[in-house]
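Across the two complexes that follow, chain A remains constant while its partner is chain B and subsequently chain C.
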Partner chain A sequence: MRKLSKVWWFNIATTALAITISLLIAFMIIFMVSDQPLDAVNSLLFGPLSSLRNFGTVIETMITISFTGMAVCVMFQGGQFNLGAEGAFFIGAITASAITTKLSLHPGMLMFVAIVGGGLAGMLLCYIPAILRAKFNADEMVSSLMLNYVALYLGLYLLNTFLRDPNFGMLASYKIPPDAKLTQFIPKTRIHTGVFIVAILIFLIYIFIYRTRTGYSIRVLGNNPNFAHYSGIKVGSAIVISQVVGGAIAGIGGSVELLGMYERFQWTSLPGYGWDGVIIAILARNKPQYVPIAALFLSYLRIGSSIMARLTDVPYELIIVIQSIMIVLITASALLGRLRHKMVVKEAIAHGQSI
Partner chain B sequence: MPDLIQMKEISKVYGNGIYANRHVNFSVREGEIHALVGENGAGKSTLMKVLYGLEEMDAGEILINDRPVVFHSPQDAMSLGIGMVHQHFMLVGSLTVMENVVFGYESVKGIFIDRKTARQKVLELSELFNFKIDPDMITADLAVGLKQKVEILKALYRGAKVLILDEPTAVLTPQETGELFNQLKVLKEQGYTVIFISHKLREVKEISDRISVMRRGEMIATVNTEDVSQQEISSMMVGSSSSGIIEKDKFPVLENRLAVSNLVWTDANKKKLVDDISLTVGAGEIVGIAGVEGNGQDELIEIITGILKPDSGEVQLFEKPTTGKSIRDLRDMGMSYIPSDRMTLGIAKDMSIEDNLISIMLNNKSIYNFNLLDRKKIRKMAKNLISDYSIRATSEKTEVGMLSGGNIQRVVVAREFSSGAKIIIAEQPTRGIDIGAAEFIHRKLIQLRNDGCAILLVSADLEELKRLSDRIIVLYNGQITANIEDVLNVSEIELGNYMLGVKKQSDAEIGRAYNAKTK
Partner chain C sequence: MGRVFNLIFTVDFISSVIRVTTPILFATLAVLLSERAGVVNISVEGAMLISALMGVVGSAYSGSPWIGLLVAVLSGIIYSWILAFFHLRLGTDIILTGIALNLLASGLTVFVLFLLTGDKGVSTGLPSKVLPNLKIPILKDIPILGGILSNQNVLTYIALVSIFVINIFLDRTRLGVYIRAAGEAPNAVETAGKSVNRIRRTALILGGIFAGCGGAFMSMAYLSMFTKDMVAGRGFIALAAETMGKGNPLLSSISALLFGFADALSNNLQLFRIPSEITRIIPYLLTVVALATYSGRMQDKDRIPM
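On to the complex of A and B.
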């Protein structure tokens, strides 16, 4: 256990260093371009804590991107580079809006059906690249990227043709019945009960990945597909299940987002949370248990940037710079590699250990 | 003779905290063939990687011609005339021999590679050292022995004066080994220095001038080859003398566990790589497959283990045809498989030892608790296997990729042997691993045989085949050329003749490879 925790600390250190460096670079940029650099840095770092409302927004965003982060983690664990979380999230939301506005069920039931329905829709979407990979060895990254657009335009078609409220000023669905919505339970914020769904899902996904036979198969597949095949693991089904489970989580995320945050479905383009999912999976090193932390961090930065953009002359896009540098630094595994080695050497010498 | 290279007090610790080298002193004289021997994990390869600039040492210094040097990369080492041929070849299969040799060091004309000059240089080099090799062959088509020559040529082309060969004979036939040794002697005569890493003491004794022995990361001794016997080297390596022959109980074979009948497999070039092979392996029998690499062994094993589908013919386990069965089904019928390519097939290197041990027991209820993997039970099982199979690791959580070759093979073998196997396909089970681990695996195989397991053993090591097998079947060109029942009294020369297709037994004798129990 001691050895394991050392690797763990090392990963933490790498991540922290990457974050620090990217923030420092961001500050440098701020000082170069801004007339009010101190205000800008202040609102970037502390803006989210300046009011309950602002902090509430951080948590709201965290809920949203936790779903896609988890979705991507599961798929990446299996070595499946399915980027369909984006489309699955979108299609999940539109399915939830269709269910809540078109079905007449008991309100509590309606919410449950909408969330499950969103999950199924996301699942179905990610099933396509998965089965193409399993049966025809088609690259899931390419097919899932393409499918995101299919999801978008299919969604817009459904919205335009069946769900659109003609009496509303812009393109949007009918109003979601208030009973079907997730409760916003903290006053002055829009934090909703989706946060509990996130917590439960993370627990379930953790158990799934590390304690079930299928999860184990997915991890072996992600690590060495040849070995999985040789061991008699059903590679095809692991390919499909990892992507389908990921799609389901993203789909549930879409419906939870809609039921927690919106009056009507009114997205006319992909919301981009799928890409956030990729960033979170990288920050969390594909480990579902770290998703909430990574999501909280990313969302904190997001909100900080937007407050900064509102109050000062530094544009919101700065966040993209920070994100990019961070990802590059974290994925560059050589960073701190020498330090890690020195640590190990010191340890070995201290214990006078041999083979 | 003065020392050309001196390595002083070299220490190297790997990422998992394991000392690979501990205060190692090693020196090489100009123009000698210096053998570096030791068990796997003894630190030989690491020491040479340090010398070649692939690994950076944590302490110590290297002197060349008494001048201290620091290598940060193989380029640094190469610029001082040190070249290395790795155990796993680093060649681009789709390029020609010439292209591989000059790769990265091309002579250029403007922005184009000067192919004519390059070709000329490669030809000159291969003539100079008497390497019979066509520079325009596609590398992927070459036999292993030839690929190795390409690697040696590559090092020479880059100006190496000192050649480090990492277990060069592990993949060669006896004939190819002989040829390699002749070439090394030619190199020596021309003033080149050779460092030769090996386990095979007979070869070391034959070719080297001096021998350095390593054990557990430390240098035990450097001796003149003529002053020591094989037994003495061996005892320096393992710390105690290893025993020779393993006693086997003799008993009649009662039932066929594995039967292969009239198997044919043709590759994309319409070449019959498996050409009408029939054989059986009975309970309590080890059947060895001998043959020069590329004569159908790989394909035969792939068909038996369910990776390839035969064009015609049939494989039966327990007298039930395996046609249409998945690898999972075959394993459930009691088949275990030790693959020759353990890094790509045998393990998931970033996963822990315990995770690697359970990959084939997912159908086994004993590792679950309410359908969830029971970490406690798995840990206990892993701990037992680690101690039973003497796997050297800090804990059962250690990533398999952190272990040495011999220890990785112990993990593979522990998994495959502990699964209650009734039929074992063992492909090069001891290739490239240390004597201790090899001896251990041999004893386990014999023990399993005595317990009634049917074992099909493919090996390039004739000593191993003779030591273990109850029968040896020789393959040449996809066909069986001999079924040898009197294993103890067959000479390696005779086996070699069957392996090269010079001799072939009568159809009646070969026919006894199938249903040997009826004899």
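On to the complex of A and C.
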């Protein structure tokens, strides 16, 4: 047990170091490009705390990216580099908008059907790379990247042809019936009941990954495909299930985002939350239980950055640069790998002597 | 349907296929070089994007498209060197690092564009130059072939020639053999006393040159400016083209041509009142179908035994 916790602390330490270094780089860039660097740094770091509304935005974004983060975690746990969370999120949202604007059901029912429908759509999208990998050994990364664009253009086609509200000035769907929307329950913010859906999902996914037989198969597959194969684990079904579950979570995320935050569906490009999911999965080391923390952190930085962009002359994209540096540093395990190795060996020896 | 066929067999259409294939071809060659050395290079996408911006910036400040091209190629090299440094020296996961560098490129280009022009979408504020089209002396007089192959952009010719150069390079030169060996039998390379990492770094950097050309083509030939996220998945399509071609330069280039064909077709089918969204799906869907058909690569056997 002690050894495990030390490795855990090691992970925390490397993550903290990576975050510190990348923030320092952010400050350096700000001082180089900005005429008001102190204001910029201040709003980047403390802007989100400056009002309830700003902090509410942090939580709203956190809900959104928790979904995709979790989706990516499940797929990466199985060693499946499926990057389709992006498309699954998008197609989930468009499905939810189709269901809520076209079906006439009891309002509460409508919301439920829309969320489940979004999940199914995302599931279907991620099923394709999964089954192609399992049956034909086609690279799931490439096919999922392609399917993101398929999802985008298919979604836009549906939007343009069937869902478009001609009386609205821009390209957007019909208005989502207010009854079908998730309730925004904290005044002055747009925090919606999706936060409970996230909480429940995280709990379920945690149980699924760590307490079920299928979850175990997925983890073994991710750790060592050869071992999974030779120990008689059904590799094919573990490949498919991990990606299908991931796709479903991302799809649900898309529908929850739409029903919680928007009046109409009006995205005309992929929103990028799938890539955020990858960042979160890296920060959380693919562990679903750390997803909310990672999502909160990322979302805090994002909102800080957007406040900074609004109040000062530093553009928002600074944060995109910084978070990329952050991921690279975190994944640079070899940076401290030797140290970690030494520590593990030392502990193993100490452990051996104590017995 | 007849009208579609009439369209496909026109000189203009085939000429446009070659034009839209060019950036995919460069990306494919970049991917191919690193894949043959045993590195999955997902970040060609980002390398092209950075190069596209730097080409515009370089040509705008120097007043010469050639300096712009040089700056673009140098950016491609530096970007690939960064990838190589993190993956080979610090041992980061190549795919995660690739994703990070793609995101970096996406953010950094907008950041720099905003600092230089105050605009976050297009570089029209910068007086950038375009690379010239060439009329090839004898070729242009040949009836049909001349119409198709002459008067293309100078980079298109470079791309076409590069296919054969790379083919010979991988087949016949010492470094080419080392690159293939690093991909197929890295242990043997180490045993022979060569550093696999050094070979892979060289391959990545050579790939960076082609990614740089591809980026320069995007912003200085395909369009005459930089627009946000203008590479639009061409680096990813290149991954698929390379896979379909099983790492062979000629076959991979033919696959790239197939995507260029689908791309050109989708640009033209819009004239026939087929919804543009549907036609734009074609290249991506085609890739997925093709992947399923042509998969089963050597490297994949190591990843998951079936």
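Going forward, the second predicted complex is superposed on the first by the 336 of 355 C-alpha atoms of A that agree within 3 Å, B and C clash if a C-alpha of one lies under 4 Å from a C-alpha of the other, contacts with A are read in each partner's own complex, and residues count from 1 in each chain.
Note that in this section a contact is a pair of C-beta atoms (placed from the backbone, for glycine too) under 8 Å apart; a residue touches a chain by one contact, two chains touch by 3 or more.
None of the values given here were measured: they were computed from a predicted structure.
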item	value
Which superposed partner A:Val220 touches (first chain B, second chain C, both, neither)	first
Contacts of A:Thr212 with chain B and chain C, given as first, second, both or neither	first
First (chain B), second (chain C), both or neither touched by A:Tyr153	second
Chain B versus chain C as contact partner of A:Val116, first or second or both or neither	neither
Touched partner set for A:Asn137, first chain B, second chain C, both or neither	second
Which superposed partner A:His229 touches (first chain B, second chain C, both, neither)	both
First (chain B), second (chain C), both or neither touched by A:Leu103	neither
Touch count on chain A, higher of chain B and chain C	C
Intersection of chain A interface sets (partners chain B, chain C)	226, 229
Chain B - residues contacting chain A, complex	13-19, 22, 41, 58, 216-218, 307, 326-328, 330-332, 337, 339, 344-351, 355, 358-360, 362, 368, 371-373, 375, 392, 394-395, 397-398
Chain C-touching residues of chain A, taken from the complex the two chains share	33, 79, 81, 83, 128, 132-133, 136-139, 141-143, 145-147, 149-150, 153-154, 156-157, 160-161, 221, 225-226, 229, 235-236, 239, 275, 278-279, 282, 315, 317-321, 323-325, 327-328, 331-335, 337
Chain A-facing residues of chain C, complex	40, 42, 86, 89-93, 95-97, 99-101, 103-104, 106-108, 110-111, 114-115, 120, 233, 236-237, 239-240, 243, 275, 277-278, 280-281, 284-285, 287-288, 291-293, 295-297, 300, 303-306
Residue ranges of chain A in contact with chain B within the complex	1, 3-4, 207, 210-213, 216-217, 219-220, 223-224, 226-234, 340-341, 344-345, 347-349, 351, 353-355
